[in-house]
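Chain lettering (A, B, C and D) follows the sequence in which the chains are written, and residue indices restart at 1 in each chain.
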Amino acid sequence: MKAVAKMQKAKGLEMTEAEVPQIGQNDVLVEVKACSLCGTDVHIYNWDHPWPDRIKPPRTLGHEVCGIVVEKGSNVTAAEVGDFISAESHIADNTCYQCRIGNSNICMNMKLLGVDINGSFAEYVSVPQQNIWKNPKSMPYEIATLQESMGNSVYTVEESNVNGKNVVIFGAGPTGLFATGISRVLGASQIMVVVGTEFHARIAKQMGADIIINRHEQDVVKEIKSATDGIGADVVLEMSGAGDAIDQSLKSLRQGGQLTLLGLPLRPISIDWSKDIVLKDINIKGINGRKLWQTWVTTSRLLHSKRIDITPIITHKLPLEKYEEAIAVAAAGQSGKVVMFPK
Amino acid sequence: MKAVAKMQKAKGLEMTEAEVPQIGQNDVLVEVKACSLCGTDVHIYNWDHPWPDRIKPPRTLGHEVCGIVVEKGSNVTAAEVGDFISAESHIADNTCYQCRIGNSNICMNMKLLGVDINGSFAEYVSVPQQNIWKNPKSMPYEIATLQESMGNSVYTVEESNVNGKNVVIFGAGPTGLFATGISRVLGASQIMVVVGTEFHARIAKQMGADIIINRHEQDVVKEIKSATDGIGADVVLEMSGAGDAIDQSLKSLRQGGQLTLLGLPLRPISIDWSKDIVLKDINIKGINGRKLWQTWVTTSRLLHSKRIDITPIITHKLPLEKYEEAIAVAAAGQSGKVVMFPK
Amino acid sequence: MKAVAKMQKAKGLEMTEAEVPQIGQNDVLVEVKACSLCGTDVHIYNWDHPWPDRIKPPRTLGHEVCGIVVEKGSNVTAAEVGDFISAESHIADNTCYQCRIGNSNICMNMKLLGVDINGSFAEYVSVPQQNIWKNPKSMPYEIATLQESMGNSVYTVEESNVNGKNVVIFGAGPTGLFATGISRVLGASQIMVVVGTEFHARIAKQMGADIIINRHEQDVVKEIKSATDGIGADVVLEMSGAGDAIDQSLKSLRQGGQLTLLGLPLRPISIDWSKDIVLKDINIKGINGRKLWQTWVTTSRLLHSKRIDITPIITHKLPLEKYEEAIAVAAAGQSGKVVMFPK
Amino acid sequence: MKAVAKMQKAKGLEMTEAEVPQIGQNDVLVEVKACSLCGTDVHIYNWDHPWPDRIKPPRTLGHEVCGIVVEKGSNVTAAEVGDFISAESHIADNTCYQCRIGNSNICMNMKLLGVDINGSFAEYVSVPQQNIWKNPKSMPYEIATLQESMGNSVYTVEESNVNGKNVVIFGAGPTGLFATGISRVLGASQIMVVVGTEFHARIAKQMGADIIINRHEQDVVKEIKSATDGIGADVVLEMSGAGDAIDQSLKSLRQGGQLTLLGLPLRPISIDWSKDIVLKDINIKGINGRKLWQTWVTTSRLLHSKRIDITPIITHKLPLEKYEEAIAVAAAGQSGKVVMFPK
């Protein structure tokens, strides 16, 4: 079968001819219908830190996926052959302290699909039954593959109680765009999105932004204060990882507000904790992955009920063979989500 | 000035010519622009239990109102003459145990506008400054007067975490209709409304119901189970007070679900607490009034941002003189909200 | 091996000579060091409804247990031979909707140890690895076996936010006594326990009750009001299942308070829902089982740190052979927990 | 009357002979029985930033106080002459956005007793009735005056859900020592306190610390990891404001843990937000003041019920005349709380 894999301990990926995976007793074999690109895949392509320490080539990449179950292991009860599924990429051990207290998204012995085992940039992928999510038959492939990615944003927004709130979203990459749409669906009464380009501004508006703030052209904090009677935002979702975004997030927030963080700054950041955090009486929540499986329930239902339409975020659809083009457009930052199809 | 008042300890109301209220140091005088009818007003009209024990005629009725401040007491800082305001009708003492722990909606020494002091079915009403809510100038009078009433439903829905949930609403009177629209705005993924008439069904659909269940024609519990893969609803909002609604609510709910109650059954109800509550591992929340003032913030913002359009719920607009007609249509149950205008 | 089993579809249990269980790939074989009696066991002994519909003799009873792992299946990674463990008796399927949203305590396909598979009133018991809880070596057997039972009360108290609160506990059977001690440890500032006998009153005092109310001799609601400045209790934990306890619980509670229910009333109960629940603006939570595994973490830690001493609740220690005596003392209601030892 | 006041825009305080305050309609006059020193008072004494920008001499200092009501304004209903009260020092306006959403501890127009109006380092102090807290007659003066200060720590601990948790407290000044005792009372199963001196270690042990870590002599993070099976603490309360404490707090915390901050670092702090906050999936809460009035309820009840004994934290009792000595011992850091008595 075709598979896009890291074959060398170096930058780049290759289209290879690989064996169809052998499944174990607790696994299903999935015929991949669509797979999508994550920022992590770009970093692995570039062989950026910390991936060289973790990935052992040859390794098929890809962890966002949907497809049809074509074979199942002898212990599998969670799905039948013919089922249309997506997969959660975090394979938890279910026995560590974090799993036992409800945090399997931060399992202490986590394995990742497409990183620690072969992934979904291929015609077939083996998925542990505990990681299966069944989709409604009517869900389009290009939507079904995006649920894991959208789930990060659902977890971010659900932790932030946006109903009736003034919400700011820093960053209009895929996670910020998902968060814009989700905040709208969950009842934020005013949504401000901080963007860097007109390309992203346009999609943010389609997803429900009320106010667009261009970080290159406007005084971000001033605009947010101005739109909130000088009080500051009730909720800030930091989805950009930009160097100054956390400082601006804190300064844009009202006292007693909520800052939720998904973006990953590249460097340490210096903050006046006394003034901007402690005396501000605020809440901060870091987001890693997505709550299993509450986040999938919400994600799937919002999509299936058509409460949210995420098609504006899908900017590129490509055959899997054009994985180099997919990586390139994602790396260039001029894309929403890039979806690929093995056939 | 004109005022609609209970003049006798008996059924009925009268249009009277009253003095414009004298305000105290902490009060404002409001020129009433719109006032709206609540089910309580109908009960007081009918002189139903327990109102004869509480109301001392002569008493001007009315507690849902908006208007313009035309005079203010010497201690008033919360509003200026010319401000467009609505009023919260629960006048809390701010010093009792409930007020001190954040429950001023259930103040132990509560006074009610239009019950314990003269109300808003008049050309002018005196309002304590602590009960003022300032409105945006652009909000229509017929909307601004409905915020207190809508607030009951906002409190109900916000206590129920409807995002991404299967939600059932029993009752499509005004509170049920508000709750339908609010559940939609706050992200419920499937909304089922149990109604009694085609009149109410039509408005429920306009407010965002996905499924209408007619309680006279359908097996309510069976329909709900059927629409939820046999699991039952995640959330039930009981807004009807109907005799069998609580039993049906409990049976429609999935294990671990949320039942939130605003409807007031007239008689004691017999329930199998072991099976339907304890072993079901569910949450139940009674709703009295609305959270001061978090509920007003959400209500005002959802309206001002046009996230919700409540105009389908306003079925009747009448001059204050036609208060008898207003009472009659409300009592007949063939109405949403009835709004009256003194001028 | 010795095993106490239901051998006939009729009242009673028998001491039998059974085969040591064959374990599966995902199971461990446990040499039972202590097992304890639950009210459920008494009901099964008496062949009360609904157990005849569920239990298929021969069936070894018992679901509260601790012991040493003496053999493990080929897939087991959660424990080693020699580990000292307790077992959770609810065997969840981990794939149903309830399991996926964090409610594996109410799994839709639940199996119970000692009910659906052979249990722990025996020298050896087979336990699925997912149901293992590892104990500190220093924990006494008679304590370690009680963690599942105590866990019900930990879940009840943790759902009720007792810190700094006036707490009433209805019932001083084992779950009420555990709840008394746990409420004390978690910071309830005043603990009132409603008891029926002097025997239970004495243990309740040992566990930390500030006020004992004898339901046969005192006006329960009046005493509670009197001890709370007429306001009512902040929190009521209903652990008795007594016929009038829910009505008294509701009447004892202050407006806006919390009622948490573990006791199982035998018959339907008639309540004035309008006055005692809706207008009271209260929260009610039904409790089924215990949160997996957050409850075990808290239970184990409170015991291991000696923050709580539950030895006063252990009123009887018997060899397993004396199971008839164990059943008899539990049925007579003159006991706390009864612990049995196979050797 | 005697009053200790800032008389000049410069370092220092003076004992002056002042007029007994004239009270307004909404105020009570309190005969001060005890007042206590806060770190803020030391900063004002030293005329540290930002106090010169805010305080206008002459100004009587002091905001922790208890005493007897000796006179009341004409509108006062919350207390009677003869009542024994303490006072909350934050005077909220009750009408701003923060007050309306339940955050009167961060009122946007806050006035502070002993800063913006004359305070309690005097024989008499005027207190607005909304800031009165009534004490049980049996509470000792030296305890009653400490409730506002202890309340900061109660708010910190209550926001952190310490029940059954491994809790680390950085800093063993008064707020850290209060937090140690409160964490113990609210059910933390293991309490580690990071101290700088043997003096503070001794009091921390008296307040319930299980493990003392000396930050000068031990590797703080390593000790915490070691005491938590390498996992890290569930909860960290940062009460020191020390320069490296926030970095150590984050590194000591387990993934998914809770960091609550009351200490005020003097300078900006550089943190790796990606690794130590976002990917760690943690919660951070800044603490400003204390929740009005839920915190007072808990504080008063824990003291009145003798669940907690805070007398080890009171290291100095002095007549008000010895205010210079009080400032000196507090500034030297070799004290717990310093309580002063005007008579």
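The rule is short, and it goes like this: a contact is a pair of C-beta atoms (placed from the backbone, for glycine too) under 8 Å apart; a residue touches a chain by one contact, two chains touch by 3 or more.
Only a predicted model underlies this, so the values are computations on that prediction, with no experimental measurement involved.
Interface comparison, B-D versus A-B: the pair with the greater number of contacting C-beta pairs is A-B. Subunit A and subunit B have Cα centroids lying 40 Å from one another.
Residue positions 97, 101, 297 of subunit D are each in touch with at least two other chains. Taken as a contact graph, the chains are fully connected, with every chain touching every other chain.
Touching subunit A in their complex are the following residues of subunit D: 97-98, 101, 103, 105-106, 108, 229, 231, 241, 246, 254-256, 261-266, 268-274, 277-289.
For subunit D in complex with subunit B, the touching residues are 77-78, 93-95, 97, 100-102, 129-130, 292-294, 296-297.
Of all residues in subunit C, those touching subunit D in their complex are 158, 163-165, 185-187, 189-190, 210, 297-299, 301-302, 304-305, 307.
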